[in-house]
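Just so it is clear, A, B and C label the chains in written order, and each chain counts residues from 1 on its own.
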Amino acid sequence: MSLLDVENLWVKFPTRQGVFDAVRGVSFTLGKERLGIVGESGSGKSMTGRAILRLIRPPGIVQADHIKLGGDDLLQKSEKDMRAVRGQRISMVMQDPKFSLNPVMRIGDQLIEAYRLANKSDRKGAKSTAIEALEAVSIRDPERVMRAYPHEMSGGMGQRIMIAMMLIPDPEILIADEPTSALDVSVQRQVLSIMDKLVTDRGMGLIFISHDLNLVADFCDRVLIMYSGRVVEVCQADRLHEATHPYTRGLLKSLPRLDQPQGKLQVLKRDPAWADAPSVSGRA
Amino acid sequence: MPVLWKIASVIGSILVTMLGLLFVTFIIGRVMPIDPVLAIVGERASQSTYDAVYVQLGLDKPLIVQFLYYIGDVVRGDFGISLLNARPVAEDIARVFPATLELATIGVIMGVVLGVPLGVIAAVKRGSWIDQVARVVALVGYSMPIFWLGLVGLLIFYGILGWVGGPGRVGIFYVDVMPTITGLLLVDSLIDGNWAVFKDAFSHIILPASLLGYYSLAYISRMTRSFMLEQLSAEYITTARVKGMSEWSVVWTHAFKNIRVQLITVIALSYAGLLEGSVLTEIIFSWPGIGSYITTALLAADMNAVLGGTVVVGAVFILLNIFSDLLYKFLDPRAK
Amino acid sequence: MTATPDTPGGAPTLRSWLLTETPTSRRHARYSSFYKGWLSFRSNTMAMIGLGILVALVAIAIFAPLIAPHDPYAQDLGNRLQPLGTDGHVLGTDSLGRDILSRLIFGSRITLYIVALVALIAPIAGLLVGTVSGYAGGFVDSVLMRITDIFLAFPRLVLALAFVAALGAGIENAVLAISLTAWPPYARIARAETLTIRGSDFISAVRLQGAGPLRIIMRHIWPLCVSSLIVRVTLDMAGIILAAAGLGFLGLGAQPPSPEWGAMISEGRRFILDHWWVATMPGLAIFTVSLAFNLLGDGLRDVLDPKDSGS
């Protein structure tokens, strides 16, 4: 049973030099699993995440045969109906909490707002829910944090707050777009394990977007590898080393490994044919 | 402690800037080709009278001492005697300043009420027809000589259409009928309950105030637009959308909240700009404010009045400038 | 991703030489970046209109005696206050029977003269103060910036009025007064640029080669400040024209019978209700020219200073 079913997704941007296709015919399904999307910058992985939420702003265009959430096609929904999907059924955590939290609003207000958009509730009830949400992401002094402004938080704390805020309305799916890339290495694992625990406990689907192949291999169940707007390979995370596509192989070989020390790491050689080959389906 | 330190540094910068202003006006007063003694005693006075006044004015002292005297006088609110009407300049300024204040205040209110929404909409609907209109409105405002627009406005709305009152603050029948309470004619007539004066005063102020309002609108709408564009491309806006907020709430509760402080600075600057920009408008509309006062004094070589007026306008300008700076430091949570 | 017209086998044209991605000399690179800037500027219709108006203005000013149908000073009291479209006086005549069109044409010389002088004096003064302040740092920097801040906090028009009052009315004094109030923003810009440039590696390299502060400022810092100053000057130009016209209008700038546009409005003001064109025409001239400068400035900003564009 899949939560999300994306078929033939395209994201296009008209430019002065013609139409630029950021995402080209991507298809995949998401169950109650952790799906990784890996690719270099410009590969279209972030655009894929944002297109699902229909967050691509004009003049950008999103096209697909369908993007089905449960039984409904998100592309058929009006903008107003779409707002009931965002946050409440699909939510998203972004890269850098320094920018993704509103700098001039107190953290508490931002959390309460997230809750009250989904639930008719008075401020008091929303406040206690928000405090619970902060406790769930291991924030020790939630009362104080509620009154604080985002710039007073460290990166790791900010990202945990962001996760708490996005999970408050109890969505079915969380899209995490490079959620640890802006964080110190020392707190990356902590944030990831908190997110992992929450997502698993609630039986949610997770789309984990990252450029970090090792991280995704460790953390996810299944991995889509994107290159130049297309999915070039799909594999189980634990069998990533068996990947066959030359791009994936090249990426793996360009990473240092403790168990297989190498004198010289390989440089990735790109083949223009990779960009032209049709997208591989990521259907489970 | 840091708050106290901040207040002290602000007060310090006000004092230094004021001192600079006084220094400049002092220098201007000294390099004037007009002999201040002759201006008082007249051409035919004897040499002994001349010398007596010369000493009385402190002109025999070194410049630095004269400057200190000058500071002392200004601090006590003494700008000297007007050569035109032999009254203390400070009294004259106190009489004319409310007229300017009234004009500039209504102007800036118009500029804010129209300019801020226009700028926000232009940013949200970037590239749409309304954005184009806003651009043209601002461009024309930046390029049009205000005194000329005032003349044309007077020609059309007073001369041809007769919709508004002509030059001056009130019609000839109502001059000086109002007791001076605040000096703001609209407020005074309301307090007094004199509806006829209020109506007449309103019909006189509406055109010059709209004119100033237009210039303020041009500036405020442009600044609002560029502030908003910067915020709307920020990542927290995406966060707000991901939460499922309506576009209206995204714009007004999230993005707008982030530009409020910058906007207050712009409005304060615009207000200060109108206070001095009213000089030319006042001439066109024979508005008895500080702009007219300075200009009349200037043409009559009444130096005490010119310098006094300059000091007052300059001081208000500096205070508004620094006040906006201060607001910035206290209102933005990131600056704490 | 854009196609480079520099086809390896084809004959090198001037255009392809200018558009190359791999310049062969410093001068080549400079011409090339200039040409690319021109191409992007040229696609901005509004900016091109502004440029066109200004080129026309310069031409009119240069050839004023040839274009003007009448002597701008010649009075004809029997022919005063003629309306628009009168035979021989397309824009009518003023209260002394002088041809308004001819006066506007000659007035363009005064406008350009004022603009050119202010555009020379104020930015150069600002550049000097700003670069010295930024390069020297420390005490010199604090003092110079304090003075700049003081001037920045002054009401510009009122201060210019006071200056003119002290110096006496006239074009040169108006120019001086406007310049005195216009330099501080340039000093700020130049200082900010200097601070970024000063810390960069190439300045350290030049210093290692033995260049003194004077040489570093003049040969390496000034050229890099110029483009942001040009943008700012162009955008300020409209304000300068309006200020000069305002002083003229108050009778503190150009003196009669000079055909300065602001002074012409002032003369025509008395007749505004019955003979509206006398004051209206010079106003339109001022508006057109300052609009042209604003359009040009916007376009230049997009080309030279991309970080500020779109605002």
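Assume a contact is a pair of C-beta atoms (placed from the backbone, for glycine too) under 8 Å apart; a residue touches a chain by one contact, two chains touch by 3 or more.
Values in this document were obtained by computation on a predicted structure and should not be read as measured data.
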item: Chain groups still in contact once chain C is set aside, others held in place; value: one piece
item: Pair of chains ranked first by number of touching C-beta pairs; value: B-C
item: Far-end chain from chain C, centres as C-alpha averages; value: A
item: Euclidean distance of C-alpha centroids - chain A vs chain B, Å; value: 52
item: Mean-CA-position distance for chain C and chain B (Å); value: 26
item: Complex contact set, residues of chain B against chain A; value: 234-236, 238-246, 254, 257-258, 260-261, 332-334
item: Residues of chain C that touch chain B when the two form their complex; value: 146-147, 149-151, 153-159, 161-168, 238-239, 242, 245-246, 249-252, 262, 265, 269, 272-273, 276, 279-280, 282-283, 286-287, 290-291, 293-295, 310-311
item: Touching residues on chain B, where the partner in the complex is chain C; value: 13, 16-17, 20-21, 24-25, 28-29, 31-33, 139-140, 142-149, 151-152, 154-155, 159, 222, 225-226, 229, 272, 275-277, 279-280, 283-284, 294-295, 298-299, 301, 303, 306-307, 309-310, 313-314, 317-318, 321-322
item: For the chain A and chain B complex, residues of the former touching the latter; value: 50, 53, 55, 83-88, 91-92, 94-96, 99-105, 113-114, 117-118, 149, 151, 162, 165-166, 169
